[in-house]
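There's a structure below that I have some questions on.
Chain lettering (A, B, C, D and E) follows the sequence in which the chains are written, and residue indices restart at 1 in each chain.
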Amino acid sequence: MQVNETFTPTIVAFCCNWCSYAGADLSGTNRLQYPANVKIIRIPCSCRLNPMFILRAFQRGADGVILCGCHPGDCHYTTGNYYARRRMTLLFSLLDFLGIERERTRVEWVSAAEGAKFAATMNDFTETITRLGPNRRLEDLRCKEV
Amino acid sequence: MQRIGVFVCWCGSNIAATVDVEKVARVLSQEPGVVYSTDYQYMCSQAGQEMIQEAIREHRLTGVVICSCSPRMHEATFRKTVEKAGLNPYLLEIANIREHCSWIHKDKLTATEKAVILGRAAIAKVQLNAPLTAGKSPVTKRALVIGGGIAGIQTALDIAEAGFPVDIVEKKPTIGGKMTQIDKTFPTLDCAACILTPKMVDAAQNENIDILSYAQVEKIQGFVGNFTVTIRKKARYVDENKCTGCGLCTEKCPQKKIPNEFNLGLDNRRAIYIPFAQAVPKVATIDPNHCAMLQKGKCGVCAKVCTAGAIDYKQQDQLITREYGAIVAATGFEPISMDKFDEFAYSQSPDVVTSLEFERLMNAAGPTGGTLLRPSDGTHPHTLVFVQCVGSRCDGGEKGKSYCSKICCMYTAKHAMLTREKYPDTEVYVFYIDVRTPGKSFDEFYRRAVEEYGVHYIKGMVGKVTPQDGKLKVQASDLLGGRQLHIDADMVILAAAIEPDKSARPLATMLTASMDTNDFFTEAHPKLRPVESPTAGVFLSGACQGPKDIPETVAQASAAAAKVIGLLVKDSLTCNPCTAQPDELMCNGCSSCEKVCPYGAITYADKPFRGPNRTTRIRRVAQVNPAVCQGCGACTVACPSGAMDLLGFSNKQIMAEVDAICR
Amino acid sequence: MKTWNLSQLDDLFAAIAGRQTLYIPADAAGQPAFTRWEPGLAMTRALNTGRSAKDLFFPQVENLAAFQISGKTISVSPAQSPEEDYVIFGVRACDCRSFDILDSVFLAEPADTFYQARRAHATVITLACTEPEETCFCTSLGIDPQAPGGDISCWMAEGRLYLQANTPKGEALLASLPDLGEGEKPETNPSVFDKLPLKDLDFSVFQEKPLLDWFNSPLWESLSQSCLGCGSCTFVCPTCQCYDVRDFEGGGTVRRFRCWDSCMYSDFTMMAHGTNRPTQKERFRQRFLHKLVYHPNNHQGQIGCVGCGRCLQKCPISMNIVKVAKALKEGSV
Amino acid sequence: MQRSVIETAASLLETGVCTRVLGWKTGEFFYDVTPAVFTSAEEVRKDMVFTPFCGANLSKYLIAESRKEGKIAVFLKPCDTFSFVQLQKEHRICRENVYAVGVQCPGMSDPDALKALGLKGLTGCVQEGDTLRVDTLYGEKAVPLADALSLRCRGCKSKRLHDCDAIIGTQGKDLQTSRFAQVEALEAMTAEERFAFWRKELSKCIRCNACRNVCPACSCETCVFDNPDSGVQNKAAASSFEENLFHIIRAFHVAGRCTDCGECTRVCPQHIPLHLLNRKLIKDMNTLYGVYQAGADFETKPPMLAFTLEDPEASIITQGRNGQ
Amino acid sequence: MNMRQDPLIPMVAQVTDIRTDTPDVKTFRVVGLDGKKPFSHIPGQCAMLSMPGVGEALFSITSSPTNEDYMEFSIKKCGCVTNWLHAIEPGQQITLRGPYGNGFPVDTDFAGKDLLFIAGGIGLAPLRSVINYVRHYRQRYGTVDIVYGARSKEDLVDYQEILEQWCREEGVNVHLTIDNPQPDWDGHVGFVPNYVKELGFDTGKTVVMCGPPIMIKFTLAGLEELGFQRDQVYTTFELKMKCALGKCGRCNIGDQYVCKDGPVFRLDQMTRLPDEY
């Protein structure tokens, strides 16, 4: 088992194309740093995020999954993030109910203008996940054996 | 099996400085399906693009991955590139190794490792990409301009000139906007009305322009090329077609004590009114809140005096539904409220005015007939103090705005200059943080105010204004002189910050257009697409996008018009091919997808399907209208059977990316 | 005959577990299952486990090989066959018979080496039944629940456990256990077996008529009508041995594994261009004819059922081999 | 009750109101009742039963049966009528081909509940008031009816019969029962305890798909877990992850559509309390988005397909409620 | 005893050559990693080809056992594995296990007989192995007639080999037919069953038949009309298979496992079995 000092978590950030992906771009444009553990997957809208993708990420070795979308009211598709909000709330609640650490998942609304917020969020999330240690409760050992 | 080409861009040193691009290209060449992998200084350059095209042909590539800057930057560029080489443009994926990698990481090893993973994810995705062909949707050749200020008017005129019908929706009884209230314009000092009113008349007379004044947008549906807009035309209780604008009613109306908005409450108007002499349309409007007839059913004077018989107390709001191909937001600005700025005694003394109020006080058609008189006692002011940046460039944000309102320096210089010119006996002080005068002939203008007109420009902020004995005691600091100043002023003029009109936020929601934190509309690209909203078919004109002076506003208005014209000349639009697609064999017809679709793109059909043993089953299955679907993907997750998938962002593609990243 | 005090059963388990891995039927989250014995683990009071004892030879999932793929090349690393000796205690006569049926499939050439290795390494200690459930019908399949077989047969009577080795492997295990006493088990009263409601089932009829008579019975339609197409009967059945071979891709390796499959599943025989058993009727018929006709045809009349009664208890809609066999038999006269 | 059910069924067939009757068919024992389609009054009188062991929810069979030629009569308990309405809401049932007979339900018993009381070798059963007299191979035992009640019926949400063409017994009301008690008990545990609880339960899963195949909400043409093109197809209980994935996604897919009929738990051969997952989501949706009962009406938008601007953020979960 | 490898575990082999036969059929040449033929087989036997992660599928070995150098598989594109196979390039490794099934009784029942081969479409694939075996040991058999039909000329598998070798060989009569007329086709047009009847063969022949079920059904009827008995007709079946060892429980027709007891059946054996294929 890895000890926390050397543990570099794998973090998947699903970003909606219109706000958060652009926010992430802006954080790059402004040279704001956040850990390289964070890998961004572009989705058209936060409502595109199927709970299956989150579980898939954990299965394949992610230690934390974060969804970033437009602020409520700002969705490019008007309503997408409202659905995403309900879906994620329930999914996270169900995961928590199953005893899976609730801090491993997060939703954060990041606008295209919030490059700084994006970087800060990623820094904070990485710190949280590093503190939590490797994902053990939703892992698939078949993906880890060599 | 796919034959994938990988192209790693250096972006000069933007990527190459922190990412070992050669290594990325080398490592990615080992990924399954990759048959060609290379790196180059500038992939987006002509030479870079040609290199990609050549590789596509030479290596018979079936998929292309470009590791470069954000797809928001060059995805469209590279799609065209590969298309020219005969590859479907959707067989391209971009790994963002600049904004998401090289620019945020300093350690080359880490950044290189991450770039490889991002490249891998893109390769994994492109393995599953399918060629997509964009559908076509028709374009309604009519534009809607929301807001009838100078921005809206200019945009409408330009569109109309190009031969397309255009509607202006203006919430006030007349078009013209803020510019109608302005006295003179900088830096030329020509009369605002003299240059604006002819344009208003042009708009009114242009056959292609339909002005819907005293109206508001109620509902917007549809998408680029095919918007359906419901407009509420408020009842003005005057038949626009009959009213001649003679103004008799506005003289006879017994309700006289209604603050006149046009003059910012500096004088009064009647319950039936025409905002100003050159109003367009020049039609009277009854203010229902103050009309005795409408309120109490007693009076009817206006109806009696109206020879045209235009008065109609029973008039109702009218809902008009029209189709448009493009929508322009030109909702303009408002000065912020001075309520929170007690230190300047705005609410305590009528002699403390905002700059816009000062415009009215200076204007020949204003409440004072153009003579500068103190609002409190109607006397001639001798000492005037102008305070700049009231509510602009505030750090806290609570009280004012963090941004620079941009126009204040110039109009204050204008006010100061005009005051000194007309009334040489006055002393004029201007307190400023900085004087910002970039613009053609702007700095010269400002220097004239200082040098020729003897305006006292003092760097420093006014701390407090106290009304005392008919004077305004102004306490201020002179930063350059390093002293405290006490000035007994007759008038204090506040250069209030400007903010987007309050109607912009709900409009943005209807348009699904994004806004920044200050409620200015966000442009599709801050540099390259400044007059377009990220929402296709929605364009931005004037100060609704950010503070602007008149020339800038007009320039942007024309630019927006050009974009609209560019859209309307097309007979059809290429749709986004990344739309939802139902697998009919999997679909249950449960309607979950339909319920979450914001565009109404999903319908159902009963279709026959082959059942076991040569039977036929009729099943209700979902159908997506690709012209209407915008590709958000809400339906794909709502669908319990996974029958709905999103082209270009399919379940499998996203999971492949997840797998590649988590590997 | 060896004997042991039942009140010290734990000590016997400890003694066995000290030599080999021991599995006993124990309650796990309210469900009896064969569980690796550890100190403190008590035997279930239930008659039998929810899942059958076949799990110990034919686990639900079993890795076969791992593949590394790089460019156009593939390398194979076969999974290791189990090498460790182990003991299964408390197998009932029905489950013990199921091993014969599984053997006839898995050990037929070419033998399944994974199954073969597990069988070779296991010592089966059976336990005679005294308190059958109403769903038990092993006796109608010629099984004596009081002479359960295996490497060692056990009886529990009057506070003592009696053990009888039936094979050299069983003898070796008993010999390795010190402190076993000697004694003769008292005669038990088997009268309850005569009261079993299903004791008179007759399966011989299925060998007496041609296969097609059974296959073409019109009864399949109504019998299968409410079948949900789930796999619960299959997965709890001690003799169901259908499996699927699948690949799992993860962590840069492709793992080929085999897992239980059910002929009741709609995709069981699905090919690119369709399936030869398109409705639940065909799939349902396959399962029961396999047990009642096909397997006996190929294995000297050995019925593919051991009468454990699990499917009677577990089927969500209470459709089972007893109802099917009875209906077919009635329908054929 | 049994008599009126049988007579109603027989007369529906005899009078030609319907050509088929979907009901419960007697088995080898008193409890092993099988859902069946009867086509003649004779069959009905011979084999049809309605006893406290007719737990099976017949509504799902209507997806296929209501698409066949002719009208089918179906007997539905209050619970089942919720599924019946929900399935109609999802356009899965051709209502015009169905004659729905609501049967008031006293609460269903379960052989597993009897066995849990220590009874073995169940051979017969007679109800006498509030007592069941159970014959076993080992003698007769008297059991209070309440103790024989199946788990799901102990927190009955409603005795109301929805959308029936006829009713046997009396129309009932919605009940206030503490059906969320066990969910709450789990919520009160620490995450570690909950994890241990579910690991123990879900590790029993054999992926037999009984829960899914019986579930009226799981009416998909092809389940994502069966669809080779979905990317998540799997039939093996191959790792602890797969069990988690299957049950999480299943709970999620039926969220807002699950009527809490409890069939999943009834049919689980491994006795996993699967209904708790669904109830957890129902409880959450009720708390967060307003009380909603799937299948209680035809109009209300299910919470997963709706939203309000004021919905709470997901952070109420991830940051913990009650300052946990 | 554990030294023996489980029969489910495949060997690695290499595709050395890919030939495009028809728009949806390709023939793959396969050798072991040592460059030699992976194993020997009997005509009509099958092998499990697989790409780990894609899937495993059973294909009939198309090449004749008399070919000592390599093995060939003619594969029609119709599913997951075949789509993958059709996309690969030579040099690709695959996994292979086999041979499976009983194969045709080429050295027993067929010996000395006049043989009539009837194939439709990709159904030629399993017969090609027999035909070439018979051609190789020509003296052991009587006359050889081959009736082969496909939808169009382009869909005729192994057309080159048929034209250049089979048609030119003495004692081998090739009768080709296509379903619909085509400008560059001067041969017979019509469905195989009708063509067989038209050709009216001598009923002493032993028939080896493979093709789509509908062709088998009608051709059999035609043959019976001509006076053939079912025990003269051999065919080969294809059902869903996973293990190919007679254990996984899928491919049975009644009590017969196609993978183990088949895939070759004499049609009279089928009469007591259900029509579930």
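Simple rule for what comes next: a contact is a pair of C-beta atoms (placed from the backbone, for glycine too) under 8 Å apart; a residue touches a chain by one contact, two chains touch by 3 or more.
Predicted model only: the values in this text are computed from it and were never measured.
Q: What chains, if any, are shared contacts of chain D and chain E?
A: Chains that touch both chain D and chain E, as defined above, are B, C.
Q: Chain by chain, through touching neighbours only, how many steps does the shortest route from chain A to chain C take?
A: 1
Q: Between B-D and A-B, which chain pair is linked by more C-beta pairs in contact?
A: Counting C-beta pairs in contact, A-B comes out ahead.
Q: Select the chain whose centre, defined as the mean of its C-alpha atoms, is least distant from the mean of all protein C-alpha atoms.
A: Given all protein C-alpha atoms shown, the central chain works out to be A.
Q: When the centre of a chain is set as the mean of its C-alpha atoms, what distance in Å lies between chain A and chain D?
A: Result: the chain centres lie 36 Å from each other.
Q: Could you state the distance in Å from the CA-based centre of chain A to that of chain E?
A: Result: the chain centres lie 53 Å from each other.
Q: Please compute the C-alpha centroid of chain B, do the same for chain E, then give the distance between them in whole Å.
A: One centre to the other, that is 69 Å.
Q: From the C-alpha centre of chain C to that of chain D, how far is it in Å?
A: Measuring from centre to centre gives 30 Å for this pair.
Q: Mind pulling the residue numbers of chain D that touch at least two other chains?
A: 224, 228, 232, 238-239, 304-305
Q: Give me the residues of chain E that touch two or more other chains.
A: Residues 80, 89.
Q: In chain B, what residues contact two or more other chains?
A: Residues 596, 638, 651, 655, 659, 663 of chain B touch two or more partner chains.
Q: Which pairs of chains touch each other?
A: A-B, A-C, A-D, B-C, B-D, B-E, C-D, C-E
Q: Mind listing the chain D positions that touch chain C in their complex?
A: Contact set of chain D toward chain C: 27-29, 31-37, 56, 61, 111, 120-123, 136-138, 200-201, 203-204, 206-210, 212-214, 226, 228, 235-239, 263, 266-267, 269-272.
Q: Hey, which residues of chain C end up touching chain A in the complex?
A: Where chain C meets chain A, its residues are 248, 250-251, 253, 255.
Q: Would you mind writing out the residues of chain B in touch with chain C in their complex?
A: 30, 32, 612-613, 659, 663
Q: Touching residues of chain B toward chain D in the complex: what are they?
A: Touching chain D: residues 583, 585-592, 595-596, 604, 617-620, 638, 640-643, 651-652, 655 of chain B.
Q: Which residues of chain A touch chain C in the complex?
A: Within the complex, chain A contacts chain C at residues 59-61, 140, 142-146.
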